[in-house]
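You will see two complexes here that share chain A, one where it goes with chain B and one where it goes with chain C.
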Partner chain A sequence: MNEPILRIEDLVVHYETRTGVAEAVNNVSLEILPGETLGLVGETGAGKTTIALTIMGLLPQPGGHVIQGKITLDGEEITRYMTNNRRQSNKNDKYFRKIRGNKVGMIFQDPMSALNPVYTVGEQIAEVIRLHNKVSRAEANKKAVDMMELVGIPGERFKNYPHEFSGGMKQRIVIAMALACSPRLLIADEPTTALDVTIQAQVLELMRGLRKEFNTAMLMITHDLGVVADICDKCAVIYAGQIVEYGTLEHVFNNPKHPYTLALFAALPSLDTEVERLQAIEGLMSDPMDLPEYCSFYDRCNHRCDACKNCDPALTEVEPGHFVRCLRISSEEEEK
Partner chain B sequence: MSTLLEIRNLKKYYSVSGGMLHAVDDVTLSVEKGETLGIVGESGCGKSTLGKTILRLTPPTDGEILYNGQDITKLSDAEFKKLRPDLQMIFQDPMSSLNPRMSVKEQIEEPMLIYKTIPDRQEREKKVLELMDTVGLARRYADTYPHELDGGRRQRIGIARGLALEPKLIICDEPVSALDVLIQAQILNLLQDLQKEKGLTYLFITHDLSVVKHISHNICVMYLGQVVEKCDTPTLFAHTMHPYTKALLSAIPVPSLKNRRERILLKGELTSPVNPGNRCRFAPRCIYAKEKCFNCTPELQDMGGGHMVACHFCKEIGDDGNGTTDAT
Partner chain C sequence: MAKMYTPAMAKLDKKRSRSRSAQRPSSPAREAWIRLKRNRLAVVGMVILAILILTAIFADVIAPYGIDEQNYTDALQGPSLHHLFGTDNYGRDIFSRVVYGTRISLPIGLICVFIAYLFGGVLGALAAFYGGKADMIIMRILDIFQSIPPMLMAIAIAASLGTGVVNLVIAISVSTMPARARIVRAAILSVKNSDYVESARCIGAGSRRQLLKYMLPNALGPILTNITFSIATAILTVSSMSYLGLGIAAPTPEWGSMLSAGRSFIRTAPHILIFPGAAIMITVLALNLFGDGLRDALDPRLK
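Showing the complex of A and B:
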């Protein structure tokens, strides 16, 4: 049996702010197997990025706290390095510095702010390599050139600065940097959102190829269901800090069950079908500062009933590997 | 139906070090009254510059902009000011187009104060509240400030401001690209309802082909300052002719496991719009490019039924175009 690279169990993350506590992530559990890509889809503020930052040990401080839950990365429990104990904090930082860029690589949304404008791109890639491997400067530089070639940037541009590259090229450099130490897990936070469609297609194609070559597991964070259909194996739909639907692509795209997932698909203008009017659901996502006791999608749901107001539904397995968090669906299951 | 806006050979060049940057190069198009014309293209193709030039936010280098048959490029500032209420704009990022120190009420009231359309204060306030109802903003938000609201509501303020002077033509510059899907659907529906109700004409600028397909009657595809394909929406998607439109269409990730398109991957990125020279601007990235493409700029030619395409070889390439293959 394949041991998962990343396993998150019952993760709860809160942000303490002056005006109250924001419940950003609530009981999220997920698993990524080696070589597998999981898509995490949701709206702005759903908690997608918070999950990524938690895995990297980058929760904004002060304020961000892991309240409960366990994250296991490549067989090692990393949540024990996330305590808020002051005496431990040096040790914690040291641990995360060791795994970042080495075991876990990260690709950010905006490549311009992810690169240092005063160093050449080659130096920045070589820096990651030298930090995590005992190699000479020359060797690291050579590896950096190889990485650049691998992502489709000519090695002669080693000495160019970030501003001399276009957006798509910069994102390629960030990808080269993230993969330089052959990480087991790659976290991509909206990697193509800032790019044009034709460039996005190129970058997705590149990521697909590299994933195969390195057998890297990937957590793909995006708001674009099209990108998920394009590159992922599994998909988790997240709403107000909770996973509301989770399964393989076939489960989520061919047989979506949760009212929120259905609403997402209905709201997308499609290239293949003609619709006079989009089905928009009114209202906004519940405020994470003030989450209801009951189902957080209740106020916007087309299928709500009185019973929904009395309980917070649990994630129920509707078919092997396909989980849905909705009272209506779990009661249907029970009746069967 | 009558033509509300007609643009003839519009050019906007910027002088930069190294030559002239051709932001908008010889664009000709027309918009019928009560219709939506979609302008699609990637960043840097000149679509926003086109919008700004039409509203005289930046003076054109050459060409004519006829609004109701009147060339607005030749008007004096004072004469144009009289026309301005007819021509309004909705911007992409509502946060940077709204004044952070003005309440919602003041923002919506501002255009009416500037143009003195409703001198009476109480009348004006009534109009503000009516506008808020029209765009679906609850009246209780009248005294809040933009930072207190979410992106969707901010965009509704932008739309209410655009409507305040009862315009005829609204240029929508990426009005939904900063919004989440569910909010995007709300705003698109609102724009369509307003069009039906008030007979508005839209020039809808976006990079998103699926949005433009949903909302437009006619579409112009732009590449590096030039229109490469222009026709009504159903034709564009049923018989895609230009290699760039084909590539653009195939590059969109489809949120479905069925009907996967065969992907045409373009080589490289946008070439420089500075001194583009006499050649097809898409040639360096085109998979069909031949020698002629590098020596001569293709003209827009009618391929039948008003389907205009600027490509030397589009007849040979054919319109098997949308490349939908059933993968299931």
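Showing the complex of A and C:
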């Protein structure tokens, strides 16, 4: 059973705005197998969230467009339903409504505001279940209580409102909602960013446990390499809408190749050596409205050379399953 | 550290032991109600409103005389034990007429606001929800309506349809509708981009569910507040229109038309005007106090 749950091939997403076209996602390809977790790492504005929204069919309208590429979810091509054809839009909408919450669950960054303040948390979990399954209200409520127990919230708090919970507990409830219909894929968009470290560890522990129980594939979007090391099987480093390094956790963490990945690791504080200041990456990410023709990391790269300015490097396989997008690496490979 | 037991905690414990409801989860509506109860002016407004509503319901019991019981021997008398608010030029008891007046002003005010919100609210909600072209078209049409002063429009509609309760309600509802649409539109827009609406989309909720279960309940605060103020305005408009002779015709004890009928006696028998005028004032004041309290209770951050 090695058919991937999610396969993205050569995805390009643009935002068309009044001032220009932002190239948010450029030729991204990735694959998630059942039960596998892929970490998507990158800085703010690198296009991580855009990828997640594209999978959900929720690109901001008007403006967001899938220019090319194919997304296959659980064996079904969903990009077919992303045309901007007006006549199709009702059908597309219907299709995606069936997917959202059912096949794909989503966990948000800020649990504080992701729950509807006027309904009890139990009602909200039961609502997802009732939206996608033909069950009675009582059955849905019972399932909702089970889900709450599963994420470590006592079932008697079914009738409590969101403001009566702490941030960590709310995130648990959001996770319960996302998993209520046993989705094939769980997208977690920076699920721990808004939580403090102890709660973060608890939530990650919970997600790890649930992932096993439900055998759910997971797309973990984060900018925290620690979270990736903690929970992911594979890791994709994304920069300016492009995957610059892609491989298993061991590949990327033990043998990082791309200058950007190296710089990210250099920016982490170390426990062994005492440093006055943390090592930051100089400069800013290129403007997605005005991406250079050459390697988009050129301006900030420590290893740049003149040749870099003349070509746009392609992803090169340095070892089985480990891809790097850098001219130095690809020329080395050629020499071999 | 030893656990401190403060007087405040003792007080709370006592309260809890008295009511079992303390354990109930607190819904946002309940919290707002608790805040509202603590606002003294709002409670005053609520009590006055309750009295007015009871008066309207039990007008038959309260009023000592009928609305058109004429007694020419007692005409133009000042307040006394027989006639609490005195009598008018036909010898009718003003207290009874003011009491029956609650049966006119309160329901008409409510109905006008209800109709204006029904149509204006739906238009405003649709405009906010769909945005873009739909918003543009709906709001521009309402702009045209709104460019005419509401009072002037109400007068024009009432004049062309003729006087009468139904026409008055139509006139006031239509003329205030654009303003109501704006309130609802602004309220929906303020919650439209919140995270919980986004998460509603992510669990596969359709447009109707998003609007009715996620946006509207959360946008209800400013709308409810505005409804109370609108009722006050509607009551004032009804009275003004009646005063001008475009509203409810003379024998009906509408407060505005009572003012109009009594205006020639302002020097000789001012009580004919003072009591219906005071009734209008108290009703509007109570509604405004209640509305103010409601606004503070529904959005504590505003304070």
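We adopt the following convention: the second predicted complex is superposed on the first by the 330 of 336 C-alpha atoms of A that agree within 3 Å, B and C clash if a C-alpha of one lies under 4 Å from a C-alpha of the other, contacts with A are read in each partner's own complex, and residues count from 1 in each chain.
The criterion applied here is as follows: contacts are C-beta pairs under 8 Å (C-beta built on N, C-alpha and C of every residue); 3 or more make two chains touch, one makes a residue touch a chain.
Since the model is a prediction, treat every value here as computed from it, not as a measurement.
K.L.:
Kindly classify A:310 by the partners it touches after superposition: chain B alone (first), chain C alone (second), both, or neither?
P.N.:
neither
K.L.:
On the superposed three-chain arrangement, identify whether chain B or chain C touches more chain A residues.
P.N.:
B
K.L.:
Looking at the overlay, does A:116 come into contact with chain B only (first), chain C only (second), both, or neither?
P.N.:
In the superposed model, A:116 contacts chain C only, not chain B.
K.L.:
A:254 in the overlay: touching chain B, chain C, both, or neither? Say first, second, both or neither.
P.N.:
first
K.L.:
Using the superposition on chain A described above, determine whether A:205 touches chain B (first), chain C (second), both, or neither.
P.N.:
first
K.L.:
Looking at A:98 after the superposition, I want to know if it touches chain B, chain C, both of them or none. Which is it: first, second, both, neither?
P.N.:
second
K.L.:
Using the touch definition from the top, say if A:177 reaches chain B (first), chain C (second), both or neither.
P.N.:
It touches chain C, and chain B stays clear.
K.L.:
Could you tell me if A:131 is touching chain B, chain C, both of them or neither one (first, second, both, neither)?
P.N.:
Touch status of A:131: second partner only.
K.L.:
Of the two partner chains, chain B (first) and chain C (second), which one does A:89 touch, if any: first, second, both, or neither?
P.N.:
neither
K.L.:
For the complex, which residues does chain A have touching chain B?
P.N.:
Touching chain B from chain A are residues 43-44, 166, 168-169, 196-202, 204-205, 223-230, 249-250, 253-254, 263-265, 267-272, 275, 277-282, 284.
K.L.:
Mind listing the chain A positions that touch chain C in their complex?
P.N.:
Contact set of chain A toward chain C: 56, 58, 62, 96-102, 106, 108, 110, 113-120, 127-128, 131-132, 159-161, 163-164, 174, 177.
K.L.:
Write out the stretch or stretches of chain C touching chain A in their complex.
P.N.:
So the residues of chain C touching chain A come out as 25-29, 132, 194-196, 198-206, 213-214, 217-218.
K.L.:
Which part of chain B faces chain A closely enough to touch in the complex?
P.N.:
Residues in contact with chain A: 42-43, 150-152, 180-186, 188-189, 192, 207, 209-211, 213-215, 237, 247-259, 263, 265-266, 269-270, 324.
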